[in-house]
Amino acid sequence: MKTVRLFAVLAAVCLMTLSLAPARAAEPVKIGAVLSVTGPASFLGEPEKNTLLLLQDRINAAGGILGRPLELVIYDDETDVNKCVLAVDKLLKKDRVVAVIGPTVSGNTLAVMNKFPAAKVPMISCAAAEKITRPVNPWVFKTPQSDRQAVARILDHLRQAGLSRVAILTVSDGFGQAGRAVLAEMLPAGGFTLVADEIYGPKDTDMTPQLTKIKGLAPDAIVCWGTNPGPAVIARNRVQLGIRTPLYMSHGVASNKFIELAGEAAEGLLLPAGRMVAVEQIEDGNPQKDVLAAYVADYAARFGAPPSTFGGYAHDALALVRAAIETSGSAEPRAIRDALEATTGFVGATGVFNFSPEDHNGLDPSSFVMVGIENGAWKVLR
Amino acid sequence: MTAGRGAGNLAALAGFAALVAAAPWLLPNDYYLSTLILAFLNAMIVIGLNLLLGYAGQISLGHGAFYGLAAYTTAVLTAAHGWPVGAGCAAGVALTAAVAYLISIPTLKLAGNSLAMATLGFGLIVHIVFNEAIAITGGPSGFVGIPRLALFGRVFESDLEYYFLVGGVLVLLAWAALNLIDSRVGRAMRAIHTSERAAEAVGIDITGAKRFIFVLSAAYAGLAGVLYAHYLCFVAPSSFGFHFSVTLIVMVVLGGMASVWGAVAGAVFLTVLPEFLRAFEDVETLLYGAILVLCVVFVPQGIAGGASRLGRALLARLGAARRPHAP
Amino acid sequence: MRPEPLLRCREITVRFGGVTALADVALDVRPGSITSIIGPNGAGKTTLLGAITGMVRTASGSVALAGRDISARPAHARARAGIVRTFQNLEVFTNMTVVENVMTGCHRHVRYPALAALLRTPRYRREERRCLDHALDRLAFVGLGELADTPAAELAFGQQRALELARAVAANPSLLLLDEPAAGLNMAETRALGALIRRIRDDLGVTVVLVEHDMDLVMTISDEIMVLNHGCNLALGTPRQIQKNPEVVRAYLGDDDL
Amino acid sequence: MDTASLLQYLVSGLTVGSTYGLTALGFTIIFNTTGIINFAQGEFVMLGGMLAVILGQALGLPLVPAVLGAVALTTLAGGLVERLAIRPARGASPIQLVIVTIGVSILIRGLVMLLWGKDTFALPHFSGMRPILFAGAAMLPQSLWVLAVTLTLLAALRAFFTATIHGKAMLACSHDPGAAALVGVNVRRMVLASFMLSALVGAVGGVILAPLTMTAYDVGILLGLKGFAACILGGLGNPFGAAAGGLILGVLEAFGAGLVSSAYKDAITFIILLALLFARPTGLFGARSADRV
């Protein structure tokens, strides 16, 4: 009898707590994130996660959003599409977040995109593929620039240098495939000749066969599209084979790690990159200068190393959502979506965003600068 | 007696079906449904693989490729060529079975590690084709735009509907596997596992039986593959690689060799486990590896074997009468 | 006038690498007989069983069952034609129960498509029922009726021998080849085995070929004995004739201590 | 097609092939003693490379002590794997032991990731990075190191298994552990020794490869896979076959990438490998039947 009474009391207490819960004043704003913190894309997902944690603390220290604390729910999809789908379901159905940041990679983003119109929750992807925002899915946005803008920068540079016969060497993963498709389309369209189209595997450790073949075709320039460590191997193999042809890399290696891995072989390589790689070289008066300086300094202070440009994708995603909540004065998913779509002139780490119903990326090629590697450091080319 | 075991099978099957049917009401929210759907799809493949590995004793490290082959076939046919979903699924399973048949001709002459290598090589080649035949498969970033499953004019829109469909198919496949094991073919494959000579001596066509079970097991994977494609509406090569094939083998062994219910248990356990371990973040991988090792060390007969031993021990404890038998 | 032999082997030659294991061996087995093959160790007795059942590749020669040449058929097809054998080392299916072992023996005469099994059609159930009854019947025949549901691996050695016999006769063979069935059995068990082999011939109408070292068993139950030595036919005759054959005696004493 | 390019493909292939061959050697040692395919073999290679980097960077050790330390620690890790995972699972079937090694490989990967992160690291080249040129082909001095170490290890293992009492005892354990125990071989100690020896071989491979291929917590997966393929191709259990199988794989890949298609180079390699396997199920240099799972 005693136990029964005890249970009754307990149940009553539970019920009261439950009924009281929604009435509490500062209910947190719940924002979800699905990032590839481990697995092949961890070099992207880890800085993204760190950045979100950093911003969460920064926002909460400054009084939260609309006076409510920000609560981030971050899941790791391990760069696996099935886990990503499960994680998104968890965010939408279990955690009931008002917006989702991520996923990190394009494939996972494409896999989960169609869940968002049904759930009526906005998603801001940290992946680059054009298919994410073209055609526009009303509930889906993305913060990284498209590969097209990076390639446009490289082509400008090639044209100025008077180079016309180009060989490409791309990695056989989602990133390389997207770059390869854009290169194969834009090079001929821009009047260049594509002399070689070689592939390497993401885990390959020696690319001399591909480079030997390219060397035999004597191109004016080589464009390599991949993420660490492959391009570092390619840079070293190029030196080993004594190839003097200019080598262009993608923005996928715009991190100090690349220079560390490639060592001396990185000298003289060229690539398009966000301004974050060389904050101190940003011209005065550029609106991004302050945003980036603060972000880089805070990140370095907390994690002991400067952030890679990839962390910037998550930085902008969360900052955009926060701004959208504050301009609309509501943390409801639909209000956030509407406010996001109306955002213009928003200064982020990656560039200046101008969203519209027709453009859910909102960036243009000016968010990239061409950089070279000189004496083991980034040098912005003007 | 066989008739008695048949009844036991039916009871277990009915219990499992009831559990599957009740699960949505026992789960706290819809998210777990998607986990269970993926777990059930894996369970289908693992039942098939257990027929091959646990019962017939033939290893395959290529089942991830069969799963993917069926998924890509229906994906391409329905999304790019406008086939009806039902026809795409049928074609996916049929093509997978046909490929399995062709592969089996040279491959099943090998045994043990050579067989493992041959099926592994096949899986890798298929995976490379998924990655590189970009014009057809969409390449490494995946294939989008696959329609939701629609059968007999009915679209399976919600996860709950899909859950019941997948659960129903799983129960059917488990039933069929149980029937097969207690049949002429099932005894033939178990005989091959222990002694190919003795199997031959009673008239079992070893090549034919192995080939049949290989194709059937690939068809199980294929059926799971088409259901997967029309559930996620997206397929990417990374889901069908070497890693997945190895995970399937782990599911078979951890669940319990030569046990249909072990296959289901192993698949559900290893699919759900990472979701639970997610809370441990960076330690997750480490824990997962440690759990695998501990499971084999402490429950070498697998989940099914361990459970039945536990059950027997309890029965013995309760003094339940076991039929004595002469030494 | 001898009747047409059930099994007729001619000029069987088997080579392993450079070694000739059997050279031009001939063997006729009368229907309804118990025929023993004896010979010193290494004479090629088990190899001859292998050649008859198709498990050992022959370099030349022919095997005919009931007048039909089966030399080109693979092992399982010869078993389906009616030649079933047991093994010197036990080859019991240890991953099955006793009755399942015997049901596996029914493989050649239980017929339904695999699809019928997957879907549990009435035909499957009918045939399985028949198969089970047949298997239980054969188990009772060898005296293991009580152990039907025991895992085969738990049987004692002698019981496993009996199980192998039950499995073999469950196939309803026309010709049963036994490879040293008495090996490892004690005297009492061997006597029981002799009686069982006779009953297999008398009650089930199965012709038996026996390879055996136990001379008491061979001499008591055989109708006819064929002696192999160094892979060649040495002698042929009734037990009495063989016992008196000086060449046989020399082969045994000269080659082996048996 | 000029000869300089062909020669370059050959050089590249031999270098990459040595990495496979070195991993394959480790498989051979454990298989020869226990009959187990050790899926954690690639992890030993990774540990060798990673530990050398960590000892060099974090503790500031010069290259030689860092390399020696890494090899010693990995050998110890191999012993721990046997004591903590393989020995407790005694009595398990070969396939269950394979699952144990899969679990161990995931565990080691997880541990390294937890301790030192997911980044890729490079180890300095042993003898500088100035390429050696001959007949138009360029080769890094490190590649010579790799080839030389592969050959040395191979010769040492051959001698060990055929000429020393310990080596023969280890082989005996695989053929018949019961009989080996009867003639006085301590089977348990031999199994422990085989794990330590193969971890040592793996670690030597890891440190010698890390300057060329760089290293990260997850490089062991692919190396393990290719090493296994090399073993089967060469004939499981034969150290010479394992090394030769690795070199053949590497050369096939390089020529496949250079002459046919870089996208399908792995597919080409595996198609040839399968064809060889169907023709010779026990591998190119394998005599023993390889029917263990």
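Letters A, B, C and D mark the chains as written, and numbering starts fresh at 1 in each.
Methods note: contacts are C-beta pairs under 8 Å (C-beta built on N, C-alpha and C of every residue); 3 or more make two chains touch, one makes a residue touch a chain.
Quantities reported herein were computed from a predicted structural model and do not represent experimental measurements.
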Which of B-C and A-D has more C-beta pairs touching across its chains: B-C
Centroid-based (C-alpha) most distant chain relative to chain D: C
Centre distance in Å when chain C and chain D are each reduced to the mean of their C-alpha atoms: 49
Where chain A and chain C are represented by their mean Cα positions, the distance between them in whole Å: 73
Between chain C and chain B, distance of the C-alpha-averaged centres to the nearest whole Å: 40
Chain centre separation in whole Å, for chain D relative to chain A (CA means): 36
Set of chain B residues in contact with two or more other chains: 132, 282, 284-285
Where chain D touches two or more other chains, by residue: 113, 221, 263, 266
Numbers and ranges of chain A residues touching at least 2 other chains: 38, 172, 199
Listing of all chain pairs that touch each other, if any do: A-B, A-D, B-C, B-D
Touch list for chain D against partner chain B, complex: 37, 85, 88-89, 91-92, 95-97, 99-100, 102-111, 113-114, 221, 225, 228-229, 232, 236, 263-264, 266-267, 270-271, 273-274, 277-278, 281-283, 290-293
In the complex, chain B residues that touch chain C: 1-3, 175-176, 179-180, 182-188, 190-191, 193-195, 197-206, 212, 216, 258, 323, 325-327
Chain A partner contacts - residues on chain D that touch it in the complex: 2, 5, 8-9, 11-13, 15-16, 19, 113, 118-122, 129, 131, 133, 138-140, 209, 212-214, 216, 218-219, 221-222, 253-255, 257-258, 261-263, 265-266
Residues of chain B touching chain A in the complex: 28-31, 34-35, 38, 131-132, 134, 139-142, 144, 159, 232-234, 236, 238-239, 274-275, 278, 281-282, 284-285
Chain A residues within the chain B interface of the complex: 37-38, 75-76, 78-83, 85-86, 89-90, 92-94, 106-107, 110-111, 114, 129, 131, 172-174, 176-178, 181, 199
